[in-house]
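What follows is a group of structures, each given as structure tokens.
What follows is chain A paired twice: with chain B in the first complex and chain C in the second.
For the complex of A and B:
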């Protein structure tokens, strides 16, 4: 007994890359996606441009999806969930439910690509008023506006004259329990800041931060252009609260490097929300019985030189299911997980015929 | 006051020099920004402080080249005006701050700010240039730049508080030195008329004379008077 088919759970950038990697080397894949469409969070959350270079998200995701759907070795199941996992490594029995009813399939290995969800700003412990003030929005809300090429104040439909990002909302916060850095928000906020400046040259754009974490080439490809070419104002200091004043918002904080308190009127405030494990990541961890870390992400138990193995043999995880990850991290770990999964099922098959 | 982000910062202490309308501060800053060197002197600021660590003036004064770069990058018009009335004269223009990882040149920004301050006759510029404006006259009349009798407490405040003590008994101090030192007060070399005219024309065409006029009208009038005949002899009309 045993199967040489690999199951990939999740049809976002990580899952699509993993599935494509598996069929690309001649193995079979079943791609299971809960939503009715492929492309994952970039599509579900209406991303405009992908970080760092800002290519339009929709065609990029579509291209990734077609590489999978056009391959005869790929069996794509949309609107489908995994409800149970029986069997053993090399012969896992997954029970799937979808529009066509319930079915049990046998797979040799599993790649978990269930991703993240954006932090819910209603849970922040500061007083930013996401659910109170219409002009307080979050990164994905602004993405959706940028996708429509129309950034306006939700309160009155007018273009903002001033807009700020508040970094680390839901990240690096012991009060909230998310002690980790969400890794992408500095780059995403800076990318969006550039896009706002290009769309609305008269709008002043500020970014209030603890540290700017623009690692690698994001430094010179996003951060420097944002500051030098687009004159986005970076101010080191966290905003403690957002208050209403007339038809504007007041942000209150400290300009730490200038050593002075600040109260600045804003037309719009964008909360740079971090990453949390998606509902799917938590649910699949439970169904597959793989270990989660203290934050609910899948635990990569083998350490830094093997970042995709879970504590169950033959089950690998990739992308933001493992923790905060950008697109480059995600497709890289997805390729890694695909290779590991294919190697696992083939070595089992070779051992069985020997 | 125009409603801007910066106007809601806590107001800087503007005591000690004239308050001017916000629009005037904006105009002064736009002169700084429009200088052709400005874009090469300021990229973006990490606010890391390496320029302050390298700065000799920062060790002795409440002076920070970081704040100069920051204020310019943030277009903080209020703070920039304050700096033009105070901070920029505390820089020794040694350019140690050029080690900035972003390639900024805070000292260069200060050079531009000083020129704008002088060209607009800011009180701080008048005060700072008080001693130095005499140098031009000294060169023209004696061929020396600085002579011992110029060491006066009011003229070079940046030479430190000891200047007052030294200048009070200058003659005594000088006589205590074995070599002759007071002769340069009256003589350096004979400044030929041709040299005088050349110097004057350089200052005229580079705008240095306009600066002198803005800072010290009395001196400017003396220079004009001294040069009138010389220029006439050379057949030059300005």
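For the complex of A and C:
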């Protein structure tokens, strides 16, 4: 016995890519999404443009979703959660609950694409005042403003004349427990900085950083244009506190390149928050019984040459469920996981008929 | 000696000393300077990168903003070794709102090009500094008086030394060989020898010029000079910010050159060489140009040596011959061809050669620079030369003989002799340096 159907849990960029990959090679997929819509975090968090090139997020995600929803081999379940997992590799029994009640389905393999959530700036140990000052916001807040083409100071509705990003908020921090680099925030902040400069040419934009991690082509595609073409000012040295002064914010830090204290008035401060395992990632790890790493992401146990296998046979993970990942990482590992899952169910079926 | 120099502490922050009264005993306690930072009020600065936009009104300055702060430029900057100036710091200062056009940093760069050599983002101080200096001048900012003086002399007399143009060919009198002066004898020549200012007028330069005349004559080089019609090519004036002066010199120089027939130009001055090779073609004037070492290096096998010179020498690469124009071998070919000479390279040589401080107007800014450096670049370079154990520092740029002779004296290294390569070639060929 067994099933040749693959379950994909999560309908964001990774889940959509995995589901599309599965139906593309002629297998069946059940795509299970907790939310009432597909598209994942880019849609739920109102992303304006995708990093690195800034294409509008909504039509891009819609196109990805249609590739799945238009395929007869795809069974898409919105507003649905997985509450238990029984059975064995090749014949997992997933119990789903949704608006239509509870149902148990049999699948041969599972792809986990449950993604990440943005770090909550209320947990940072500096004094950035995210919940204290209206003009201190985070990357996704600015993203939502950019989507509306209206970047204004929440305190008074006016366009900011100066705006800065503070990098590594919630990442690379032993006290917080997130020792990892979130990988995308340097690029996302730089992309948003470009968009702010394009929208508000009179607004001075600064990025305060420990070290800019613009790996691969992001260096030449985002970082250098941001600096050379859009005049974003990169300053090496972290801001360690944000204080109110009149109707402005004072950011205080060290100008490490000149060895001097640094105090600058700002209209708006954007915290470059990193990635943490989403609630779904933590919950599905528990339900499916797959191993998590010390940070709560799914543990890719097989090492760098097999980055999608979990410790349970027939269960694969992709994208930011495995740890900080950009979109390119996510769809790449999703294709990888889809291929592995299809190969797994087909080899089982072939063995059963032999 | 450590490879890098003593640093001046940042002057803006620290006081000599301070006295603080104890709130318990009432006694006054003296504190050493470094503690005083704590008592300085912290100035809230309205950071503004507007300086980049202002600078960028001048073409050529755009790349200053490209700096991403890696700091590679600072250790190879010759001025940083003896002071606090560094290319990265210029970027950061402008970013924090300091006006480069009224800052001393504007005049400290010697345009030696070592920062550009290592810069991953090609922040080009060789373009930035001249353009920024030009803008400072058009904006009416104060130009260091000694530099202003040289600009005026160059404008008035056609040479940086303010010498009488009619005496430009005086050096030929004691050369011991006849030197063709084209205005008197305008027949075609193979080589137009562009003597430039310091070989024309400076006593030590004149000695080198005479040596060149003797060597070139012995090798059968058909050459002539422009005599009183020669004007400086003015490349250092250009790099010091006087582009207008340079442009008017180009008009004069090309008009003079058009009068005579020659196949190539040979000059002893790497700065003039740089102008002819890089700037003249941009304005539509292309010549076949050689530094004098490039003329002579291919001929060394034809030289009849008369004397062994038992010298241990070290060689200083001129920035504008080496780093700027890629010629490192011709001078060394000549030096190594001289019988008896042992060449010992300094740690900083060839592409990483240390600047003598004379380029980009630095030749005429020693008085200004003194306030911002612990020692002259030429003094630092002389110390490096002495470290090799050489008894002679050999050069092939007209600026350097006088700079290094002064530096050898001021650093207590009077035993170190400074000679141009051509003087050694001349001596080994058995000519009498006195020219009699």
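In this text, the second predicted complex is superposed on the first by the 354 of 354 C-alpha atoms of A that agree within 3 Å, B and C clash if a C-alpha of one lies under 4 Å from a C-alpha of the other, contacts with A are read in each partner's own complex, and residues count from 1 in each chain.
The rule is simple: a residue touches a chain if its C-beta (ideal position, glycine included) is under 8 Å from a C-beta of that chain, and two chains touch if they have at least 3 such contacts.
If you're wondering where the values come from, they're calculated on a predicted model, not measured in any experiment.
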| item | value |
| --- | --- |
| Fit or clash between chain C and chain B when superposed on chain A | clash |
| First (chain B), second (chain C), both or neither touched by A:148 | neither |
| First (chain B), second (chain C), both or neither touched by A:258 | both |
| Partner chain(s) touched by A:227 [first = chain B, second = chain C, both, neither] | both |
| Contacts of A:55 with chain B and chain C, given as first, second, both or neither | neither |
| Touched partner set for A:179, first chain B, second chain C, both or neither | neither |
| Contacts of A:204 with chain B and chain C, given as first, second, both or neither | both |
| Partner chain(s) touched by A:236 [first = chain B, second = chain C, both, neither] | both |
| Partner chain(s) touched by A:86 [first = chain B, second = chain C, both, neither] | neither |
| Clash-bearing segment of chain C relative to chain B, given 218-226, 326-334, 362-370 or 416-424 | 362-370 |
| Intersection of chain A interface sets (partners chain B, chain C) | 204, 206, 223-224, 227-228, 233-236, 255, 257-258, 260-265 |
| Residue ranges of chain C in contact with chain A within the complex | 10, 13, 42-49, 52-53, 62, 65-66, 68-69, 71, 88-89, 92-93, 95-96, 121 |
| Chain B residues touching chain A - in the complex, by the definition given at the top | 3, 5, 8-10, 43-45, 47, 66-67, 70, 73-74, 79, 102 |
| Residue ranges of chain A in contact with chain B within the complex | 162, 204, 206, 223-224, 227-228, 233-236, 255, 257-258, 260-265 |
| Complex contacts: residues of chain A adjacent to chain C | 204, 206, 212, 223-224, 227-228, 231, 233-236, 250, 255, 257-265 |
